[in-house]
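Step one of this worksheet: look at the structure below.
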Amino acid sequence: MIAFLIRRLLQGAMVMLAVAFIAFSMFRFVGDPVTNMLPQDATLEQRAELQERLGLNASLPVQFGNFVTNAVQGNFGVSYRNQRPVSDLIAERLPATLEMVFAAVVMSLVIGIPMGVYTALRRDSWLSHLFQALSLTGISVPTFVTGILLILVFSVWLNWLPSFGRGEVVELGWWSTGLLTVSGVKALIMPVITLSLFQITLIMRLVRAEMLEVLKTDYIRFARARGLTNRVVNFGHALRNTLMPVITITGLQIGALIAFAIITETVFQWPGMGLLFMQAVSFVDIPVMSAYLVMVSLIFVVINTIVDMLYFVVDPRLRVDTGQNKTGA
Amino acid sequence: MNMTQEIYSASATQTRPREDVSDMPSVTPVFRIANLKRHFDVSPPLLNRLLERKERQVVKAVDGVSFDIYRGETFSLVGESGCGKSTIAKLVVGLNDTTSGNIEFEGEDIATHSRQDMDAIRHRLQMIFQDPYASLNPRWRVRNIIAEPLTVFGLLDGQKAIDERVATLLECVGLNAQDGEKYPHEFSGGQRQRISIARALASNPEFIVCDEPTSALDVSVQAQILNLMKDLQREFALTYLFISHDLSVVYHISDRIGVMYLGRLVEVGTKHELFRRPQHPYTRMLLDSIPDLKMTGRARTPVGGEVPSPLDPPSGCAFHPRCPHANARCKREAPRPLHNVERGFVACHAVEEGRLITRA
Amino acid sequence: NTITWADTSDVYSMDPHGQAISPTLAFLHHIYEPLVRYNKDLEIEPALATGWEVIRPDLWRFSLREGVTFHNGNSFDADDVVASIKRATHQDSPIRGNLPAVSDVRKVDDNTVEIQLNGSYPLLLNDLTNVYILDKEWMTEHGTLNPVDPTQGDQSYSTTHTNGTGPFVLDTRRPDAETVLTVNDQWWDEAQHNLTRIEFTPIASDATRVSALLSGQIDMMLGVPLQDVSRLENAPGYRVLETSGLRTIMLALNQTPDSLHEGDLDSNPLRDQRVRKALYQSINMELIRDRLMRGKSRNTALPVAPAVPGYDASLDERFPYDPEAAQQLLAEAGYPNGFTVGLDCPNDRYVSDEEICQAIAAMWARVGIETRVNARNSSNHWQVALNGGSDIWMTGWATLPMLDSFSLLSQILSSPHDSYGAWNPGSYHNPEVDSLIEKIAVAQDEQERLAMISQAFELSQADIPMLPLHQQPLIWAANDNIQIPQTPDGKVRLWYTTVE
Amino acid sequence: MSTTTQRLGNSLYRFIDSDLFYSFRRSPVTIVASVVVVTLILAAILAPWIAPHDPFDVSTLSLLNSELPPAWVSGGDSAFLLGTDGQGRDVLSAILYGARISILVGLASVAFAMVLGVCLGLLAAYVGGAVDATIMRIADIMISFPPILVALLINGVARGVLPPEMQHDAVIFVLILAIGLTTWVQYARTVRGSTLVEKNREYVLAARVIGLRSRAIMARHILPNVVGPILVVATVNLAIAILIEAALSFLGVGMPPTEPSLGTLIRIGNEFLFSGVWWVVIFPSMVLVLLVLSVNLLGDWLRDALNPKLR
Amino acid sequence: MTAHETTPVLEVSDLHIEFDTRRGALKAIDGVSLQIAPGEILGVVGESGAGKSLTGTAITGLLETPGRISAGQIRLEGKRIDNLSQEEMRRLRGRDIGAIFQDPLTSLNPLYTIGHQLVETIRTHLPMSKKEARRRAIRMLEEVGLPAPETRIDQYPHQFSGGMRQRVVIALALCVEPRLVIADEPTTALDVSVQAQIIAVLKRLCREKGTAVMLVTHDMGVIAEAADRVAVMYAGRLAEVGPVTDVIKHAKHPYTRGLMNSIPTILNDVDRLEQIEGSMPRLASIPDGCAFNPRCPRAFSRCRTERPDLIAVENSDAACWLVEETAMTDRSPWPTSAPSPTADHRRGANA
């Protein structure tokens, strides 16, 4: 277990380093921040001087070295655009993105799992077919189309929900939450629906497929043969075994959600990390871009590690002996 | 008198053995296997070993096995699951590398052969597998499956020659020449095993390793296959290394038998020797546990205990925890083979010390 | 009375010397004030300075307004002006380029300061409209007397906090989400507005911004997409404000390289005036204005807008749209079958930038010039264009913050040398124009100066160094009950705004 | 000669008689989906011949025709069945050409990812050991990185690295590369999983007994037996690839408006949504959704049909 | 025959099971009738696909679509159970009918301790507190010969060897003392030596508790050792039913006889085994008349047209027209020595 954890962490560190390097070397190519940072009448010298000051002329390894040393200390420099420490900016945006992603995850689990279970257990009912059809549509409609349509219907036509932003937020220490105000919650609804639609269907389909597999297994047949009630068999046995891969996928999907949040946040002008990133991209705000990437990979690594740890908790086969299960006949 | 003894004496009196040891077809071994070892490293990763203070774990799947196979005979290996039978089979045909020891095929040590050298003799060794469903590529036509050795070894030139040969082979194993156009899933288990055999025969091998060729088949089909194998052996002067855990099948097909326990051979002998006068306590136990039809209602004497984990085999004689005759020496010291019968041996302290009276 | 409004991007910083971005400076004008400011007719009027005199061409004296206090209650005096201008012109100041002529600033007495220039410079007042005055004690207290250079990883108190003299006070700020201002009751000027609170939200997406207005979440928006104008005009309760802006959109032509980047011609046809004219005459600006710009743009023959000093109406006559003539010219120049050329455009910078390029490409195609349109975001666009990587590229020039034709002349029409011609990578070069520009730079007499500007324009117009297209429209929309002046410089001045 | 035709006929019969075809015939939804997919693909391939206008030929565009509504709406022009966009481009033609690009990018990136993933997966599974570990670690990293993000990055790099005059033509390859690089992992994992199972199957052992080299075994024996799962992944990924392309184009880093894909068309049209010019966004969106939905339906059916456990 | 003196625990009469497939309904079980008396062990043998498991599945009510009982009745202690509702059937399962499946490695849910699985089974059927149930579980584990049950009850399945797991499975099947146990190849996945132990446990427990057992297997050895009576199935039909010694030693049906003779034995050395040519027909192509007729060396015209029912002969019942004929001619149907195997093996398996 400890060995496993250490291996995971080492792996995580490797990932982070690789990401940092990729992120970093890439930023040399994404564009020139200088034009954005100077007035239009800037002279050639001003431009050259700014370039020099930005350190864009130093050699790549030197820049990378500086970057990593600083990044390890949580210092990602100052945003060219917002002129504030990137770490502050990220810390400010993190709650917005995480709240949205968290809400989307909860929503996709809360809706996706029961739908998946239902469609697996009642394969031929009309409701199952409906769910199936919905799920296919769900994974076929691009996020941005969903978002645009929601805005059109609920903001412009019906005027029920705000079309952008986070509404009012309440500061709890450094964490700003929109969950405690009515307008905050209202603002959350459409982005979360947009973001989770794909996830709901994904989770539903995954649960359904896994559940169908599990229902075919011998131990489920044997559980039925023992006369256990359907409830116990379906929910006590089948569901629990089904949820194992769901954990992994959900873990991975949190990563995907954070990435997809880029689109959702763009559509809804949600002041989260994705929007920050997109703005940084168009402004060529290099410190913010690198910090975002490193931050996102950090989140992935952390989530994946947690998921792996969860496995130890959930699956007794892993808990007892790690080397043993290889040798089974 | 005990049941088993009854069987032994019965069989001894009822029928004469087909062949006697003395008129064995050949006295030169085709295969000479000496002190063959194959270990698998199944240790957990280094980090785990360091942190959890675990030892390096090695499965000694085959741990110092020596035996000879003579031309034209059927040599069988029996033993419980996991004792290393299949591993030996794979070593013999070169599917696995040896850890140490020699495998001499007609005087050449193939264990140390290079790829090229091995290619030269490969077509003389063939193998038939256990699972008739997994041993044929489901996406290939039977014709191509059987022709594959021919094309790979370059034994025949021209599509026509190959087609003819395939047709002959199919008929040889009791199928129709036209069956070559079909796919494996269109055949029953027994028919598939025939196809396997046809493929094995394609390259005119002298020696065929059969790893439980009938254990996935129904008895009625098993009889067909066993008969076919015997016929083919006669027709093509084949030598078989036959592996099974079914003692009755082994008795039926073999000339000589080796009994394996946890990676070692505990006893080798001609089938009549072995079945009539089993020496090793494990062999006796196995024989006792054969359920027999004609003995309905008889309770078998179950072997006590279970096969120990090959990861952590008992010290000394690996069988000692289950052996009624074990003593301190058995726990301590691994027995050496005692060549007290022709073309066979037994590895047991009790036999060596005369503590165990050979039955019958 | 609260007004909630949205623009396409956020205010970058609260430090008025920490950046040189026009919309940010315009926003900060609500909090901080310069010595002189533009009024709603774009005339310069006294702000923190009540008067000025030119003692020598290179020495100006300003008398300061008395009785002004900063938001924190400190009083405003000459020390603050000196500290602020020093800060703005400091070696590391990002805004240094906005005060190119200032070499020193001195306190004469509590209410008088002198500004020393490094030569004769007629545009000092224009420049000063963008330099805001901060409180010296406050800066000292918070250690932000020196300028803040974000490129050096600097950030300071003043990036997030304010203390100005302006009509509004910063209440709260969440970057990229919301910046709230409340009214400054102690303002020295007489308020012409009736606001108590201003909420500013950046909304980058056009569609979202429009829907936010329509759903009542905001009261006013900048950057109304052209295609939504008619809809907003027809929607009850909304008003569309539009004016022709200062920004002139042009196509710059690269005469530097010996051959074009796109296509495989081994000459540079853009060096031929006839080709340039052919390109000019094959663009149907009327059609672009009527269709793409929905009649909102103002086609122009000059690179500056009418509101910019130096604009000369007599020169503002485009070569007529005439594809036949264009083909004729091409044939004369030796390209009867046209050629292939690249047209690089930003896709996030100007009104309908990409669409204009596409339409022009279609028009050029009809006279035989195959045009490859490369649209990029503006940072990539400029990176390529300013490094000479484009054949023809779209550029826009608003003459801001200077608000004078000199800005354009010195940066675009001057050949590159010293601090001149930074935006002329296409190597347009006319010695007469160059020498005129140098004279304009130091001309003290306004009439003479304007005449020289006209002359420079006229001279360069004949060369066709670039293809002027139009002044792009400034379109805002607001609730009916909001009265707000709109100026061609596109700056929002809420201290002139009333809500009914 | 006759035997080959006979064999062909035989195979055809075998296919028509197969369970796969049977389950296909039994599922009307699947039939409709495949008809849609085939129609769209055909339409895309034949776009240069069937499209009423050539949207890439800018010389035929005229602003005079801009923003015409669909032919059946008053003010519409029968020459422009689905109306025109702001440049006077025929929406129908733009959709046909756009679908062509979307499908091309989808298919090519799937092919690229498939080749890459299958090779790496086979290699990992068959060689094992350090090679396996390395490949799978890289795969882990890749999979933990959402495709959109990676594609954004690759795009950014390509834009920076390529000389400006090449960028225009390179966009489509960059897209293919970006999407391919982010989706190969699934193939690799699937192939590796199946290969690990297959490689210990006895038919592979039998081939090894004959002395067949590893590469030949992989190509001739293992690969044909893992095509089923690969096919399923490929179909699903085709849908995903098309969506990623659309998303990238929507974020403005995909195909340029002069050679629009469906995603680009939606991005452009999106700006017109509130202004009543609905046809420039609705029609491309519908085609995109229809295409992706149909591909997904096919993928779903294929997955179930190829999975004997679910029958 | 003594089995009729009391009501049989299980009575299957004329059971038909069909699968609806794309090519029409397949008759997988075609008129099978069985009885098992209390305490009796009925062995069911037959080739793979003969329908052994299917019969067992139908009895436990676990038949899944597309399979369905198309005709016939199943009675448990005289009460019809084939037409019960799902819920009623569920209550029966585990309490009155226990089941043991082939593979002990996969029969237990890996995520729960064996104790949990035992307790949950017991408490589903018997009103017991957790503690009582646990005590009963431990006793059960003890009875199946699991060493140190008090500690091992809290272990997970993967911590047990195959043989031990099968003991746990038996404990699970028997923990509520059902009247009938369906054991579907309980030893096939196990080693010979362990096989004997498991059979011994099963046999002892059922004897002690008077449980009727349907022991499905294709291992004649196991049948010979454990069963009281044997039912031989062929292509979804019963070929022969009778006391184990009769069936093995004096088989009446040519199939049974062929089957018995094709088993190699260490009692005598034979060069060639007797073999039944061909293989069992697929369900879709079961021949008219006797299903065995194409492979039967003694088939005659009636066999090809008319399907034989079970006909009582001596202690057994056999579905073979030969039996009827010989009964009339009062001659044993079989010559004392088996017919010599067919001359040419190569014409073998082309059925």
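Here the chain labels run A, B, C, D and E in written order, and each chain numbers its own residues starting at 1.
Just so it is clear, a residue touches a chain if its C-beta (ideal position, glycine included) is under 8 Å from a C-beta of that chain, and two chains touch if they have at least 3 such contacts.
Worth saying up front: this structure is predicted, and the values here are computed from it rather than measured.
Counting hops only between chains that touch, chain C reaches chain E in a minimum of 2.
Looking at the partners of chain A and chain B together, the chains they share are D, E. Taking the CA centroid of chain E as reference, the farthest chain centroid is that of C. Centre-to-centre separation of chain B and chain D, using mean CA positions: 51 Å.
For the pair chain A and chain C, the distance between C-alpha centroids works out to 39 Å. Taken residue by residue, chain D touches two or more other chains at 159, 270, 273-274, whereas all remaining positions touch fewer. For chain C, residues that reach two or more other chains under the stated contact definition are 207, 211, 214, 348, 377, 380. Counting partner chains per residue, chain B shows two or more touched chains at residues 81.
Put simply, chain A touches chain D in their complex at residues 11, 14-15, 18-19, 22-23, 26, 28-31, 136-137, 139-145, 148, 152, 156, 212-213, 216, 252, 255-256, 258-260, 262-263, 266, 278, 281, 293, 296-297, 300-301, 304.
Note for the complex: chain D touches chain C at residues 57-64, 66-67, 86-88, 159, 163-165, 167-168, 252, 256-258, 270-277. Contact residues on chain E toward chain A in their complex (touch as defined above): 60, 62, 86, 90-95, 98-99, 101, 103, 106-113, 117, 120-121, 124-125, 156, 158-159, 162, 169, 172-173, 176.
By the touch criterion stated above, chain D contacts chain A in their complex at residues 137, 140-141, 143-149, 152-153, 156-157, 159-161, 239, 243, 246-247, 250-251, 263, 266, 270, 273-274, 281, 285, 288-289, 292-293, 296-297, 300, 309-310. Contacts from chain A toward chain E in the complex involve residues 217-230, 232, 236-237, 240-241, 314-317, 320, 325, 329.
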